[in-house]
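Structure in structure tokens, see below.
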């Protein structure tokens, strides 16, 4: 089977991650996955939200937005509407929770890492691209903090990336859905995984449809294949910082 | 292993579903799962939201809320705050999407089924109890509509229920977490399934933790066990309406 | 004259007050007045709102809400609309003000008693049922606090209950209007009274109509009759706590 | 007994009503009651709110606001806060309901009369001054409409005015409380009455206090005395329009 | 050329400034410019906004609003809409910024001067009338503070007034546009100037039109002529306070 | 005098305008002015806002936003705050008004051109860069519409660009202020001009300062010099479309 864009069912779209994309943030990337483009930035603030004060731990908070014309049809800005949609809130919570799972928050002290994911062009998979890109931006921000000796070691326990898989109307399983595939899919699943193959998030949804346990297994296989490729891209762009991922944790545990 | 409340790891809490709980709604239940109590109502409105107009299909929309003192500590009302939390939006979207997967929306015409899930007492698992209870309220509302000949047949394709599973700090897998178990869990997963064992939603989250594919398999086994018991409870309380579930669809397909 | 539901014009609907209705709140009741059902809870918080800080006095704040399908037609949630209606605000202010009139706020210290009245089924008289039920929930919460020796005596000066009276299109005066009577009434009056027959609130409204001073007198007679019956119900369910109402105040004054 | 400002307990403050105060509105007055000053305008719009469409009846809607520095301390604008307070909503609803009771809404057709009451200086009694002044503004707006033959007769059934009465800490009953009296009162009551002595609204509140039925009678006597004086002031300023009040209704009924 | 109201192109409308217009504010005026009427008040608060704390300087904040029926057609209140329009925000910012330019904020200490401009009747030029009137209200408030020895000298560096100029469809340049002229103008310019002829604000807008540098010069000439007349009116009403304007600054500089 | 970045006082920062920057919008550019980077898109919608319906004219509406980390310190998103700041509203209104002045709105029919300016990196002059870039995006969108024969001719009457000028603490006049210059400036002026040297907007503000008429003249000279250079950049990137600017209008007028 070939897809609309000529990909095999188990093939990712071309991916690039441009680092140091913006001047001001501690870490920033432009991640491009096919036609999907997301600016991910990591900003470190020297305080935590009220519910964390006194905990001696840090926090990671994520925000997500789309430019009005990131999409085929122009969307009304959430700032103009005066409230965030449920979709936006869901994605923001997902990104934050995912990143928190691979960071040793006790090592960053009472600081907040703000992750901002702004989609400038959307063609499916914006939330997974956001996680994959935000991991790089955050790692680079923390690596810089380490270089400046604001923290002792890089508090990243493992790689983290995300990918979508799905089942189309002909019951074919696909890796990394573009927008037209996503809109037509019976089942849509997002997988967030660590470098050593552990699940952090698994969200599989049948929209007016359902899927069997066997289909689930095949979707997980597809996803794992794609995620290995994403980890390789992350490792390549992280350079020197890549070597420190997972280090501290090992030492601490020994 | 025994749990705080004496249950085995693969044991559900006691469940009751009181039907015709309120006077006005087309369908209404009080579902009690251990100490968790949710009023679920189904209201049928003779129009659909703007994006569905002219589609000749119906829609199912869900809203979820907690009484301020459903919880150990009093929560500020979302109506007083003037906005819904991300958690509430996420749950509302999950309930609506889940129910839509087992209803033939073309058979109900341009009508909206409003599902309201109001938690009057919370002890973990409020979103899964909401889905399990709302399915019964909705089925009874539609069965009444059929009796009144407003629709030709019961447009319910299959049973639908939801349950939580999770992994605690000792890496033990548990079915149907109560609040204290949920708050302490490393991994929390909600499974929404149809009567014939198909997944509608699978949401597994590691909060500052992760889980392996083997653990996932065991969690799915636990969940399926609990869901079979929930389907039995639903069937028992639905009485006559239970027999019509899935009927129409078969005829249509033959 | 007989009413739609067979009552005499000076007859209350059947009333029950179920105490300890919910697990978490310090005090909670389900009050049922005919078909009207309200969950009233009292929560005690160890601080007061900013304008009371340093006053050495407590505060009582009330919130009121209806489930969307408490009514014949489904109502849009105020949380979804993002703001409270004028009617809700008016009722909340009435409940709080009424309860404050019978509590010695200096005896509870800088604490807030949160009263939550959630109407799960509405058939007229929800604000008066809320006051009558909330008085019981609040008294039980404070009685428990006294038992736990967090306060020295029960700071309740007198009983408090509320009832509606009205005048229908045939100029007949009625006690305790149900929804259809209320919707059709020319004059609608809510009376909040203490156990010794003093008025706390009197709100009498002619909707596109008016009433004479003689009619007012007869409405007050009707209301007083009903309120005596409500005090009796409150006394019965309060048990032991009933005996302490008004005690402390007498001692203090002697 | 003499009051702070030298008035007898049953004496109103000096009242003036300046008509045609603003250029644009169909009717407008500046009402001055002692130091309280309110601009009341009546605007007629050729349509009704959605819930009235097709009813062939008109509607009266009222809005109330205070300039930030109408009061001793500057208040934050509700427009800046982004929402109306409960107090404002309560007053708006009271003004609208009161005026609707003396207008034959079927005679104005599907039109809305917007009443705007803007307090430019506050010294107690702003809501009662608003009603008394708004009645004049509205009557003049409708009289002009009649002159322009947009309506056949003046659809005002009777005069309408409002006054406050109260009980102070020494248990003295007072007419027309100024701000310092109001702030210190045990009981505060607003009476809205028609020209022929019928009640339209009666709202009597004990703030952390209560009042007996005998006290209520004396307060009503006081209020009626003051209201007769207010009707005389209204009659004087209305001039020619005064003669038409109540006319049409009589003819119609004969 | 003569204008609709008979004025010459370089003629201001009649202006009056009534001082001590309201009882409560430290300074208050009613400024009347033709048919435009604005209540301007100045309130002094003994604290500054968070971003100024610790600066030992004061702040001036302005708010602007219109009564709903200040205009030909009734406007919806911004308090009812729940948000300020862009136009209102722009005007508020302009008034505050303008006044800050002539006050020595270090001399008032950590205090905020709140300027409230409430338009009760609008006929063009409400923002310029607000600035011209607010300058007088503010000066009188500060003069009173000086008299009460809360500040050492009047911290007003110079006079401040504002006027509009514009170009109509026939390319004629006009001073002080009324509403009908403003609505039809090709170019609309607001000039805010100090007593010694320095610009504080210059905002010239072509609405679907533009203007040459020569036209700009002539507009500035027109504006300067009008502003000199406005300074004279301000000086006349300020009386004794007028003599202290600019004094302190001179002493300080010498 | 030399500036911090080595520029002469009358020198613009380096400018680039990348066209067709995004896939979906009808027109889109990335404009870079020194370190300031703004994505400007033009989207054409086949309807106008309610107040324009039936006018047979089109409309141009602009929205402006900054990424949270476009700035040195992270800003809270306006979508998260739930409302737009006054600054944002002011800028949006300025951009829309400016662009409308050079478009013949009758030629585009009842369509809305949505202009979105999203600042991804800010270093001063974001509003002027937005206007200069948006003009190009809009022109390209309309040129495409003409190519598709949806409109008969390019309805652009002239070029349009904007630049800032200012006066620093040493009374030196500067062209095109970067952020540090802008933050320290006594006077800040934005000039929006058409290709033939007509003013569309002139906004000159003294922040706690003022400026003389002579200074104004020199600032206008500086601005005009910079604007000529901006028109040249626009012309270069517009290519073929550049030749059609102003064409139609000439023909129409002849």
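By letter and in written order, the chains are A, B, C, D, E and F; residue numbering begins at 1 in each of them.
Everything below uses one rule, namely that a residue touches a chain if its C-beta (ideal position, glycine included) is under 8 Å from a C-beta of that chain, and two chains touch if they have at least 3 such contacts.
What you are looking at is a predicted structure, and each value in this text was computed from that prediction instead of being measured.
Undergrad: Which chains contact both subunit A and subunit D?
TA: Looking at subunit D and subunit A together, no chain touches each of them.
Undergrad: For copies subunit D and subunit E, work out whether under half or over half of the interface numbers are shared, and give different or same accordingly.
TA: same
Undergrad: So the centre of each chain is just the mean of its C-alpha atoms; given that, what is the distance between subunit C and subunit F in Å?
TA: The mean C-alpha positions of subunit C and subunit F differ by 61 Å.
Undergrad: Between subunit D and subunit F, what distance separates the C-alpha centroids? Give it in angstrom.
TA: Roughly 52 Å separates the two chain centres.
Undergrad: How far is the middle of subunit B from the middle of subunit C, if each middle is the mean of its Cα atoms, in Å?
TA: 34
Undergrad: Where does subunit C touch two or more other chains at once, residue-wise?
TA: Within subunit C, the residues that touch at least two other chains are 82-84.
Undergrad: Would you identify the shape of the chain contact graph, picking one of line, ring, star, complete or other?
TA: Topology of the interface graph: a ring, with each chain touching two neighbours.
Undergrad: When the cyclic arrangement of chains is written out from subunit B toward subunit C, what order is obtained?
TA: Counting round from subunit B, the next being subunit C, yields B, C, D, E, F, A.
Undergrad: Which subunit E residues qualify as touching subunit F in the complex?
TA: 83-87, 89-90, 92-93, 97, 100-101, 105, 189, 194, 197-213, 216, 220
Undergrad: For the complex, which residues does subunit D have touching subunit E?
TA: 22-25, 28, 35, 39, 41, 43, 45, 63, 65, 67-72, 74, 77-80, 82-84, 88, 114, 116, 118, 120-121, 123
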